[in-house]
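Both of the next two complexes hold subunit A, though its partner changes from subunit B to subunit C.
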Partner chain A sequence: MSETQGESSKSLVEQVKTSIQRMPLFPAGERDRLRATVSNLILHIHPPKVEQRALRFSYTFGLGGLLIVLATVLAITGVLLLFIYTPSPEAAYDSMIALQTEIRFGNLIRNLHHWSGNAMVVVGVLHLLRVFFTSAYAPPREFNWIMGVSMMLLIIAANFTGYLLPWDQLAYWAITVGTSLLNYIPLIGEPVTRLLLGGPEVGAATLTNFYGLHIAVIPLTIFGIASFHIWRVRKDTFSVPRNLNEDPVSRKDRVTTIPHLVNIEFVFALVMLALLIGWAVFVNAPLEEAANPAHSPNPAKAAWYFMGFQELLLHFHPVFGAIFIPGLGLAGLFALPYLERDQDVVGIWFQSTAGRLLTIFNALAGIGVTILLVLLDEYWLDLPGWLPFLPSSISNGWVPTAAILLALILYADFLKTLKFKKTEIYQAIFTYLFFAFVTLTVIGIFFRGEGMALVLPWN
Partner chain B sequence: MVKKIIIGILALTVITSTAAAVAYNVGKSQAAPLIAEEPYIAEDIPASNPVRDNNIPHEASPLVEAEGIMGEPFTALAQIRGFDTTGMNVVFETGETAYIELGPEEYWRSQSVELRETDIVTIEGYANEEMYHAVSVTTADGEQIVLRSESGQPLWSGNDGQSPGGGSQDGTHTSGSQGGQNSIQIPAEDWVTYTGTLSAIANGRMTIRLEDGTSISFRTGQPRFFRSQGVEFSIGDQVEVVGFYNNGSFSAGDVVQLSTGIRVMLLDPNGRPLWAGPGNSTGSPLPTSIPAP
Partner chain C sequence: MTQEQEKTLNRRDALKVLWTAAGALAVGELAFVGYKFLSPRKTDGEFGGIFNLGQITDYPNGSVTPIEAGRFYLVRLEDGGLLALYRKCTHLGCAVPYEPTLGQFVCPCHGSAFDLDGDVQNAPAPRALDLFELTIQDGNILVNTGKVIERQQTSPANIVNI
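Right after this comes the complex of A and B.
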């Protein structure tokens, strides 16, 4: 009788367990491992088997996985913050103070959320660079590149909308400056800005709008695109690293996803989480005094990831600095995988030996030339003064833009005469422009003082 | 083919603009000898004249006593190169160019002294940073246009600088009418606020396109006034303007650049245009660049 009861009770536990997890958590045989990958909710985003070389850490640096880790941390800490935060100008800042002083682990949760969000921008850019410099955007992965770039923009949008929520001086004025960039979009700039702000300037309606975008619209959109993106990664197969001059790898060295890939991902996620928590424990998210619309800081700077654009505005007419040049760059990013290619270099870092040298050269040139041009424009170049009879949109907009475009085209032609391949030339131009933008961002963040004058940060 | 067309357009832009800039600057630099060749100038500028850092010659003047209140005084000979509605561009004998603030055109044109391009004139005034404000302009014939009182107060602002202005103690704003009339009191309820997009900034005026599609235009002084306040306005900027209507024309008291929140005062409590320079010995003007409320 008791034996029958024991058997019956055991089968019930087993029944419940099986109803949740049909496969063993740690499958032993290869066949079970393959089945576990396919039937598991999370693991099924992976193929059952992967090319062993694709697991090489020095190829991916785990950046895509790290983005998923950061997004998970953001979702969890974001939900926790929702319990405390009130999106109104009267209460938002008090919520921040309460988080820092009254709520158990409130400060840590806010720090984790803040730093994860900022890290996501950096890691997202690094992931994009990794994909670019290994040519992993080439067919058949063109559309996945488009989705990746779109998600990068959404990550920035998520950061930007979240930037306002603390409602401190930093937030208020950064958003005021940031949204003013939108005004320069011809025809639709003003109504779009007004729609986003909920009025002519940053206020209560802006906070509500940004809150809704930050906690619902943007995360859901990212989730939707990311799901598609990851599915396509699986369907298009992982790009596989190759050595220079090596033929595309045949699918012979394949291993099961469990445990080879899953173990790496798990350990990497734990290490990254440990580093993130360690950072969040010791470094507080910035919080200045409560927002005061009557007192603008000098200088009033945009969020750090927009400082490159704000720096551009100091040198170009707004239509070109805020719209034309960034728009051209973005169009180039989207068009990149569809440009004509003259070699299959997927999986080869920087394509070739010449490509590597060219990349290093253009990175240094991007930095050096940008610094030189900023100094020239600051202390000598005065196009509006030299061409006072032209409207500033021409003298300080179209003329310098045309000069830069012409220089880039001639430079590309020059590289062609040196027998560089098309893909190497694309890489060279991209590298140059990327490092130029990073240099502008660094100058904007660290080398601009009162009145946006050039200063040395250590003085 | 398309690439060649694009390269052609870009190259044409760069080459023509470079040529135009070179031609303009060469033209400017060649203007200096024109003055130096004038015997009139050579006789009237003593060799011992002090020379400022920017190489603009000036000599001792009663205005020196007021230095620190109105700016650094100067007297210089210059050739007129052009006019706009608030002043004139000149070339000093050193070849340096400058913009001289004269005040509203209707005021100095009404003094029956004709100023023409290429005329050689003696300018007495004072300099603040890169802004030059004329107290008087004397032609080669000895005719003189007087623009400011000895205390530096613009005569065209309606206040001679000797009497205190109305201020806003009684809850009213005071506005200077441009044209030599007395200060007028503008009740607080008559002040209006407009928000719009900057559609033009030239000749010492701003034009703003309002949300209903209409535009307003008002006097602001030269862009260098804004630069001296640490703010640059660009076409397309969102701005807020507070001002009033006087005889059907709009006068702006202050303008706020909404993207930065920086407010630039255009009129002081006495209604005197601040872009015309400090020049009021009765007290220092309000700070001209303050954050928006």
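Right after this comes the complex of A and C.
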């Protein structure tokens, strides 16, 4: 009886309001704050309480959160673009022109979408680096690393499928080159490429295929995995930053997620959004002339995030440059959290003093050796010419790949004799290979000119 | 009693297997339907069909004639031999233009070069340019763009002589 009286004493407006949002929007007491986190659909992916030190900005740099901001911007601008864009070879390029000339804010929306997509690749890699160099992927967080690497691949796939949609020269030839890489996978390469392209060459069917992947399949998959990924962060607890040689901290200084974490996230998101919009106002997304299947531009370059692979392709037989070497790198990345670990360094940047020196050394070595090898191969080394009796898959594939693998194994062995810990050696090899790949990417973007010859960008 | 129990357990196991198999079958069916649904349709029409290029005498020795619609070059070698070279680079699929000053096909994407036979003159292309089947009927040149001939390098059998 008293209950019904309580209900009726509420105004109808009040009743509707509480039926939607049960907790106050800005809860005051600690108990209410905890309950508000748990009972809110969006906030419940956070734990109700977090370790205060895990909130330190110089630990995470807010990179995971920034990815969510970018994904949200992409979803909103993407839906807007859907209303304008027609996925057919006859109309696609006209939609681009319409965005630039007729539609109000058309250019801004396209720019925002373009730059957010590209930023996701960069920020995704930075997030991966942050997690790697603080050893935050170590058990029990192995599977979250796997999900993260998978999403990184999906982000690249989303960028790649989106790259074709403007149907300009840039798009057409980057996708032609990119999908031709798949052709080299033994056995399944050709049927998979045919399925993806919807025919023998990039054409109308390719555009509709990529459109479907870009607007539905890939974003939904990312959304699913991302939800799992963030929920796992909560379940595994945030990794906590530590100073060198500091013991794993006990969970003492825990603070409520509301307002401590939520406030940081909100302010950070606003600042990043402002920067992004500022950038999109002043810098236009590229658009070349309409696609012409008869004329490859010179030089025809892949999308910038594939420049490292393109550079590999100039030096190795395609099976190795496009499939074997990247496949090996990827396998290593997936296997990383399951490798044997001989020390607990979760939360310590670069693991130890020795680890820090080793990281700097390997970053510099990765850059230096790569530049040296590229120059050597360009001006002196000519394995197919020296070994004319071998097919190019051996002389330009097995031979240089085996040489590089052998050098890496010997190097890892040498580090072992210097009494470095296993985890430090993983870190050294990863750093070396990562910076080698970044160097290849930079060479591909800036130092390759007409006919893919080495040029200086300032000439 | 124990036999009874074993019997029921066995039946339960059998059902489990049957239902799992039914589930696997359903997934398989859906995957097959999905694959067939998404498979490329057969391309009819221009590219992929047979091109009649007219009389041989129209093409002098040592000439390279681009056939835009067929995406190939008709090459008449110095000795009069004929080849239909698919313009798609065997490296990564770029359209390879003919450079008359060099007498070579030079790919703008990664710098592969091919001679008039289609043979690789400069890596990274792993093999010679693909050919389309070329036949001669009543002095007319017929090129079937539906039949791609892949080869490592040009052999005399690839060149059609009159």
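Simple rule for what comes next: the second predicted complex is superposed on the first by the 449 of 459 C-alpha atoms of A that agree within 3 Å, B and C clash if a C-alpha of one lies under 4 Å from a C-alpha of the other, contacts with A are read in each partner's own complex, and residues count from 1 in each chain.
Everything that follows uses one rule, which is that a contact is a pair of C-beta atoms (placed from the backbone, for glycine too) under 8 Å apart; a residue touches a chain by one contact, two chains touch by 3 or more.
Because the structure is a prediction, the values reported are computed rather than measured.
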| item | value |
| --- | --- |
| When subunit B and subunit C are modelled together on subunit A, clash or fit | clash |
| Subunit B versus subunit C as contact partner of A:V121, first or second or both or neither | neither |
| Touched partner set for A:L276, first subunit B, second subunit C, both or neither | neither |
| Subunit B versus subunit C as contact partner of A:L195, first or second or both or neither | second |
| First, second, both or neither for A:A300, with subunit B first and subunit C second | both |
| Touched partner set for A:S180, first subunit B, second subunit C, both or neither | both |
| Which of subunit B and subunit C A:I409 touches, first, second, both or neither | first |
| Partner chain in contact with A:H317 - subunit B first, subunit C second, else both or neither | both |
| First (subunit B), second (subunit C), both or neither touched by A:L112 | neither |
| Which superposed partner A:W398 touches (first subunit B, second subunit C, both, neither) | first |
| Touching both subunit C and subunit B, counted on subunit A across the two superposed complexes | 173, 176-177, 180, 183, 200-201, 293-296, 298, 300, 317-318, 392-393, 450-451 |
| Subunit A-facing residues of subunit C, complex | 35, 38-41, 43, 48, 68, 71, 88, 91-97, 106-111, 123-124, 126 |
| Touch list for subunit B against partner subunit A, complex | 3, 6-7, 9-11, 13-14, 17, 20-21, 24-25, 195, 197, 230, 234-238, 240, 258-262, 291-293 |
| Sites on subunit A touched by subunit C in the complex | 173, 176-177, 179-181, 183, 194-195, 197-201, 205, 209, 293-300, 310, 313-314, 317-318, 384, 392-393, 396, 450-453 |
| Subunit A to subunit B touching residues, read off their complex | 173, 176-177, 180, 183-184, 189-190, 193, 200-201, 293-296, 298, 300, 317-319, 383, 386-390, 392-393, 395, 398-399, 402-403, 405-406, 409-410, 450-451 |
